[in-house]
Amino acid sequence: MLFHVRMDVHIPKDIPSETAERIKADEKAYFQSLQQSGKWRHIWRVAGQYSNISIFDVESNEELHQLLMSLPLFPYMHIEVMALCRHPSSLHADDR
Amino acid sequence: MLFHVRMDVHIPKDIPSETAERIKADEKAYFQSLQQSGKWRHIWRVAGQYSNISIFDVESNEELHQLLMSLPLFPYMHIEVMALCRHPSSLHADDR
Amino acid sequence: MLFHVRMDVHIPKDIPSETAERIKADEKAYFQSLQQSGKWRHIWRVAGQYSNISIFDVESNEELHQLLMSLPLFPYMHIEVMALCRHPSSLHADDR
Amino acid sequence: MLFHVRMDVHIPKDIPSETAERIKADEKAYFQSLQQSGKWRHIWRVAGQYSNISIFDVESNEELHQLLMSLPLFPYMHIEVMALCRHPSSLHADDR
Amino acid sequence: MLFHVRMDVHIPKDIPSETAERIKADEKAYFQSLQQSGKWRHIWRVAGQYSNISIFDVESNEELHQLLMSLPLFPYMHIEVMALCRHPSSLHADDR
Amino acid sequence: MLFHVRMDVHIPKDIPSETAERIKADEKAYFQSLQQSGKWRHIWRVAGQYSNISIFDVESNEELHQLLMSLPLFPYMHIEVMALCRHPSSLHADDR
Amino acid sequence: MLFHVRMDVHIPKDIPSETAERIKADEKAYFQSLQQSGKWRHIWRVAGQYSNISIFDVESNEELHQLLMSLPLFPYMHIEVMALCRHPSSLHADDR
Amino acid sequence: MLFHVRMDVHIPKDIPSETAERIKADEKAYFQSLQQSGKWRHIWRVAGQYSNISIFDVESNEELHQLLMSLPLFPYMHIEVMALCRHPSSLHADDR
Amino acid sequence: MLFHVRMDVHIPKDIPSETAERIKADEKAYFQSLQQSGKWRHIWRVAGQYSNISIFDVESNEELHQLLMSLPLFPYMHIEVMALCRHPSSLHADDR
Amino acid sequence: MLFHVRMDVHIPKDIPSETAERIKADEKAYFQSLQQSGKWRHIWRVAGQYSNISIFDVESNEELHQLLMSLPLFPYMHIEVMALCRHPSSLHADDR
């Protein structure tokens, strides 16, 4: 089941840079593990902004929520979620 | 080059249904030709709305604009475009 | 899986009242069938508005979308969908 | 009488974590007491956000306000309230 | 129990003026009956707009909704409802 | 002359609580003096929010502005003002 | 007493042009009478829009409302009203 | 003097196509005359929308307003105007 | 040439009051010099807010920008600018 | 390929002024190098605001993103990006 997720990142300026770098590194590792698992199917950077558009492929709302809440950057992000469905006109069976 | 495009469709109620069906059929054919060509890489239906989120893979803004303006449903749509880039953390080389 | 759905109904004034009444009757019948099936778990009227807040219990985004698109009043509604999860503090196992 | 309440939680980053944990624990205890009493009828987590949608069953606006103002997390929340009524089409007498 | 209600009136230009006048007359009669009953406690015109701010004194959300839905001008109004409580600092016991 | 005033209070978390309490006490005393004078005709708490809706009865915009600027909580409030008039349908001569 | 009034004019396309011209002529005559009386102290066109910013000098909200409701173009306008006061730093006694 | 102007075009669907084509042709001719004169310095199409971003080089607000009001498509456009200045860091003397 | 400027002032609470008073005094002196010169033609306080509506009479966008950027309070203000023109119906020749 | 970019700058008040000046100097140097290269084709100051409207001429979304992310002021800016195309009516071949 697919979800469209927009993440806008706002890291406060007064966080020590090492702390920020560590959180970002944890975020990247966590993200790549999910990408390999297929849960985090797509991620694109929004040009000009510290934001991304992602497509998650999960079994349930609950799973999506747990994945997002576990993001090391979660406390510093505004997240918008939209439930997606396969488009009836799409030629791809599951739109990979 | 990838673009995130949201399309919200509002077909006026007073359009004869045959006309509406013909336009939708033309739209589907046109869409599928672009999907096969790879230009229209992804399309998903927004759950609960006559809207879709699409990802276009084009050579330029100009090409994107021409593709969108040629949509049979274009006169009945509100369209928002966002330029995307490959995310630096993504494991996929081109995020297919 | 639960979804929060807000529906704002705008029936154009120039629709013949018999047509409007028939559509509303079809809507009520369709709604009650879904309520009995448990798919449409909750519905409440927003005080002062021709709007409702509903909670759907479905297997997937796709099922939700099909249920909503099949609403006789769908063409006359603005719909907003939010994916919900069980709240970690809730005492109810599945929050019935 | 039912009220739809949306709560968005924003705990400042500079609050000592023990303090934050204590407040959250108080919040959970207070919430569960109200859930058991039936006042706080439903609570769902909004997927991807530190927010919830709740349905309160209270005798008056005043009671609702007192319950909400007494939330330990109240100072850190943005709250939106909507008055609900039983939907005329609902099969459930009181929509439990 | 008090509710703050804002009503913005938009009567379509293509309604025959006699019809519009009749609806407005019905609205005035209905309003004055509620004002006399105390249900419609206050009404003020918003300067420069075909809008009013009203304070309703009702027993429940349900009663408020029925009163508002019965307004002859209801189909031509956008209505916003806010639940009010007595202010703790007010000297007036019930704020008449 | 009546004015509708909405006040949303945001007291910064880092103000010492004694200071906050003193300001609130001053605010209450100042408010009650204006309520007794009839200037501050109505005040209601917005259910679920640290906000109020008030109706002021003043001689001029200037007087309203001076009254509001003198509120001890003024620096911590967002205020919206709307000019009101007596509603032509109201049975109350001056809508007391 | 001064009020800032923004007027955005939207004359429906399907109004016969003679009717529109007559209404505009009435509007101009009515406006100029108020300008001469000093009630309508200032009027400026917003560059690029069929809108104006006006400053009214009236005795009360009621008078402002009557003047605005009597505008021949009133049914085709969206109007926003803001109460103004003399600025404490202004050198002009009454800011003419 | 430079002004940033956004124009969103909404031509009603019920306008006869010949009329629409004639208006568009007049618009193009008028535009090109202004482009040649240097008044209309830049125009770009917003990708995916029937909108443009333009930069006007005029002597005054008045001149800008007259140019815009004279656009054959003016009645069918929403226009936003922003006053621009030369950027202090720009290497181009007048940013041609 | 006239510009409508709205200024909303937000002085951070943690600025020492003497500093704030000095900046305000500088602002008043600077303002009065511009008022005397005719550049700052009108200023009104928005009732209930630390905001003003001003009308500037300047030779160009550039001059307006320099005047506004030189305001001692500029760093603490949100400013919105609208280009104005003389209204065609105005009786005053110079109400430019 | 052209992009319309709006940049709103918000430098926190608590940054040491030397640091702020250094960042601004770096920004100016970086900007001028891009202006000379033709990448940063246009930049205009928005009158009355610490904001600019810029037109970038780049090969891809990716290049635009890299250029923007490398701005020394990037952490202190809100940026909005719009993809532009050549307008079909423009007389300039590439709209220089």
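In order of appearance the chains are A, B, C, D, E, F, G, H, I and J, and numbering begins at 1 in each one.
Heads up, the rule we're going with is that a residue touches a chain if its C-beta (ideal position, glycine included) is under 8 Å from a C-beta of that chain, and two chains touch if they have at least 3 such contacts.
Since the model is a prediction, treat every value here as computed from it, not as a measurement.
Touching chain F and chain H at once are the following chains: G, I. Separation of chain B from chain C in touch steps, taking the shortest path, is 1. Chain pairs B-J and A-B differ in how many C-beta pairs are in contact, and the one with more is A-B. Chain J is reached from chain F by a rotation of 145°, derived from superposing Cα atoms (nearest 5). By residue number, over half of the contacts seen at B-C repeat in one listed pair from A-J, H-J or B-J, namely A-J.
Note: the chain lying farthest from chain D is H, by mean C-alpha position.
Our note on geometry: chain A versus chain G, Cα centroid distance of 50 Å, whole angstroms.
Distance between chain C and chain J, defined via averaged C-alpha coordinates, is recorded as 46 Å.
Distance from the chain A centre to the chain D centre is 27 Å, each centre being the mean of its Cα atoms. Residue positions 2-3, 45-48, 61-62, 64-65, 81-86 of chain J each touch two or more of the other chains. Chain pairs that touch one another: A-B, A-C, A-D, A-J, B-C, B-H, B-J, C-D, C-E, D-E, D-F, E-F, E-G, F-G, F-I, G-H, G-I, H-I, H-J, I-J. Across the interface of their complex, chain F is touched by residues 3, 5, 12, 15, 61-62, 64-65, 68, 75, 79-81 of chain D. Put simply, chain G touches chain I in their complex at residues 2, 4, 27-28, 31-32, 35-36, 42-48, 52-53, 55, 82-92, 95.
Contacts from chain G toward chain H in the complex involve residues 13, 45-49.
By the touch criterion given at the top, residues 1-3, 60-62, 64-65, 81-86 of chain J touch chain B in their complex.
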